[in-house]
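Listed below are the structures to be examined.
Two complexes follow with chain A in common, the first pairing it with chain B and the second with chain C.
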Partner chain A sequence: MTQTVGEPGPRTGSRTGAACTATYVFAVCRGGDPATLTGLPGQAAGNPVRLLPFGSLEAVVQDVSAAEFGEETLRERLTDRAELERCARAHHAVIAAVAGSAPTLPLPLATLYLGDERARAALREDERRFLAVLQRIAGRVEWGVKVYARREAPEGPDRSATVAPTRTLTRTATRTATRTAARTPVRTTAGSAAAGAGAVDSGAHSGRAYLERVRGARQERERRQQAGLVAAETVDRALRGVAVASRRLRTHDTTLTGERGVQLLNAAYLVADGHEREVAAAVAEVRADPACQGVEVEVTGPWVPYSFVDGGE
Partner chain B sequence: MTERTAERPITHAPSTPSGPANLADILERVLDKGIVIAGDIKIDLLDIELLTIRLRLFVSSVETAKKAGINWWETDPALSTRAHREAVDEENKRLRERIAELEAGAGESRDKPRDAGWDESRSHSWHHVKEAGGR
Partner chain C sequence: MPVGAHVGEVVPWEGPESGAPIGVPLVDLLDRVLATGVVVSGDLVLAIAEVPLVRLSLNALLSSVNERVAAPWGDGGPL
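Our next item is the complex of A and B:
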């Protein structure tokens, strides 16, 4: 996947003076409007983001400092969280801008050539592939849909009836266990005979209570998990109904989702441009679906079809 | 930011430069997606991707999820700067093995502080994505 050229070799198109610049390629498009690129900072503020024609297409490129984009330097920079964010947003901003005027194939972050001529040569080799994918995504956009488990699952009447007693038992058992753990005999702490008897009774049952609690918690967890998966599946099915293609993306870790809860589905859908209404209707429908009451559905877009440009369909 | 309020059935985290789209949404697209062509200078984005996975493992092993979430992988000096190429490769290898291990035994590690019990579904999705991404 990764091509690393350790020895740069002959620098086509680069004279001694230009040797310190590299050509950064953001995207490939067909009939891009140069005006949409005006003023974009790209990856090197001050250098214009421009169109580089090759074959029947154009690449969206920018001159960048070869020193700043050397393999080792770049790796270090992108390992820095703030720098990675800046680069990623700048890359995305250029792609989004050009996509406003022409069918656009985004390239992944940091595709670089040692000069325009080398970029042109490499791109020309792939022209046929670019044309095929452009054909597929032209007039289409990507919508992102994520499904999160709600933090507090809504309590159904049947459930609270079965869960509540277990909870009571749980609390008693825990308290008993804590006392025991604190090396204080339960009976001594209780003070009165009645209370002591109660504590003993509770102690005798704590083993069973504990098992019940474990089983209850497991059942609850399985139930929620199952319900979550059903909901995610329902959402996915509904969105696939309005899409020409779909892709599952990796679900985000709770660390990234923050307070939104566990992510059950992260998917992308390729939808005809202008079909926002259909997407909205599908989302509204699943939100109203009883199977989806325990989840939240988040929609983002429209995106340039990042998730649909690589590989065959 | 995106919103998910019931009153607004659909929200736009615009992919236009003016909209502050969620960083995770952007990263998963510009790192993982897009049409790949061989460049003259190209770093292995998979390394970057693995850093995020590393973060996940890190977070699940230490109970400082929130803090680590803010600092991301900066908290790991070994990978923040000047990581020697071979060291990174070695690390990648171990991480892959670890992931395979976690995927195989996802049901057993239930001690995550915030979302215990969702591990299975998560690794299921992950698996799914790996398959999809491999096409």
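Our next item is the complex of A and C:
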């Protein structure tokens, strides 16, 4: 009979909701090795991270203080950057440790039950779904690929990329463009031979020049956006070529990407374990592709297949 | 079948910080621990599962970036 290793002795057992301890579930795995969990702080240093068998699988769990994970408290904690980071990294550390020895399905941060029995009962209902997903991700890892528009157009005299506060490019695109255009050295006025403008028409002249500058800046921006999208598609296609599945994640706001510029693609690829070289080759290829010269490609991985474990029917 | 002992060591391959011991990039980690994973019904935090939790947390991250709270992603994404 499989016995959970690392149980905290007398405290384990049939606790109920009345207890002040909750069961935090990090992941579900098959054939996890309890030794990989030894010494992990998890979400409550002092309480061991342990395996909780249910059906033919195990949940990776830890006793935590229910008070610390109540809705309000959790909201507060996760609004604090340092605490958020600590929680996220602790969660990931456990998942990564388990995944080193067994196929592992990560659960999202802060999945909690009022005791082991509640957890076991709830998870057992999903056992078939878990098995299907485990089958799909076994022997596979996830690679993250992000594509950013380079902030400086290599060829252009358009200085908007350096002048404009990049942070606001997306959300207040129009306003920024207008401001930028006003500051951008005139390069569209050549044809604006409102030459005979004369003193009376100077207002009209500057107005027209202004409009042309705006139009020029807009066209340049559209051209670069278009090129960026083509590049992102090119990258995505190349990576899908080496992946068994792919998924688009939400792109990050420019506030988060900082000086890296506008994020054009944030995607995850499920790739056979051991195919790092293929991933690297695909990335090298797109980096050399003329269509991708205006973008930066950033790769992270290998990840436990976080992005490919939901919805597996 | 194990997925390989190296999966715990997720680091950016290249990029500006290449080689620096920065570990897993936090933003990428949050993409994964908040927005993905097998969703099951828990007892305690259902009310702030998924969207609000994601937004809430990324707001925290953002506000620490530049003291300004804004939507973490450009609007329009699912979730």
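As a working rule, the second predicted complex is superposed on the first by the 243 of 313 C-alpha atoms of A that agree within 3 Å, B and C clash if a C-alpha of one lies under 4 Å from a C-alpha of the other, contacts with A are read in each partner's own complex, and residues count from 1 in each chain.
Everything that follows uses one rule, which is that a residue touches a chain if its C-beta (ideal position, glycine included) is under 8 Å from a C-beta of that chain, and two chains touch if they have at least 3 such contacts.
Small disclaimer: the values here were computed from a predicted structure and weren't measured.
Using the contact criterion defined above for the overlaid structures, shared-chain residue A:Val295 touches neither chain B nor chain C, since it reaches no partner.
When the two structures are aligned on the shared chain, A:Ala149 is found in touch with chain B, with no touch to chain C. By the document's definition of touching, of the two partners only chain B reaches A:Leu265; chain C does not.
Of the two partner chains, neither chain B nor chain C is touched by A:Val49. When the two structures are aligned on the shared chain, A:Pro106 is found in touch with chain B and with chain C. Once chain A of one complex is fitted onto chain A of the other, the partner contacts of A:Ala284 are limited to chain B, with no touch recorded for chain C. By the touch criterion stated above, A:Ala138 is placed in contact with chain C alone, chain B being left untouched.
Of the two partner chains placed around the shared chain by superposition, chain B is the only one that A:Gly228 touches, whereas chain C remains out of contact. By the document's definition of touching, both partners, chain B and chain C, reach A:Arg81.
Comparing which residues of chain A touch chain B with which touch chain C, the overlap comprises 22, 25, 28, 66, 69-71, 74-75, 78-81, 84-85, 88-89, 91-93, 96-97, 99-100, 105-114, 118, 122-123, 126, 129-130, 133, 144, 249-253, 255-256, 258, 266, 280, 296, 298-304, 306-307, 309-310. Residues of chain C that touch chain A in their complex: 1-15, 23-45, 47-50, 53, 56-66, 68, 70-74, 77-79. Within the complex, the chain B residues that touch chain A are 2, 4, 6, 9-17, 21-48, 51, 55-56, 59, 65-66, 68-69, 71-74, 79-83, 114-118, 120-122, 125-126, 128-129, 132, 135.
Taken in their complex, chain A has these residues touching chain C: 17, 22, 25, 28, 66, 69-71, 74-75, 78-81, 84-85, 88-89, 91-93, 96-97, 99-114, 118, 122-123, 126, 129-130, 133, 137-141, 144, 167, 170-171, 249-253, 255-256, 258, 266, 273-274, 280, 296, 298-307, 309-310. Residues 1-5, 8, 22, 25, 28, 40, 66, 69-71, 74-76, 78-81, 84-85, 88-89, 91-93, 96-97, 99-100, 105-114, 118, 122-123, 126, 129-130, 133, 144, 149, 221, 224-225, 228-229, 247-256, 258, 261-266, 276, 279-280, 283-284, 287, 296-304, 306-307, 309-312 of chain A touch chain B in their complex.
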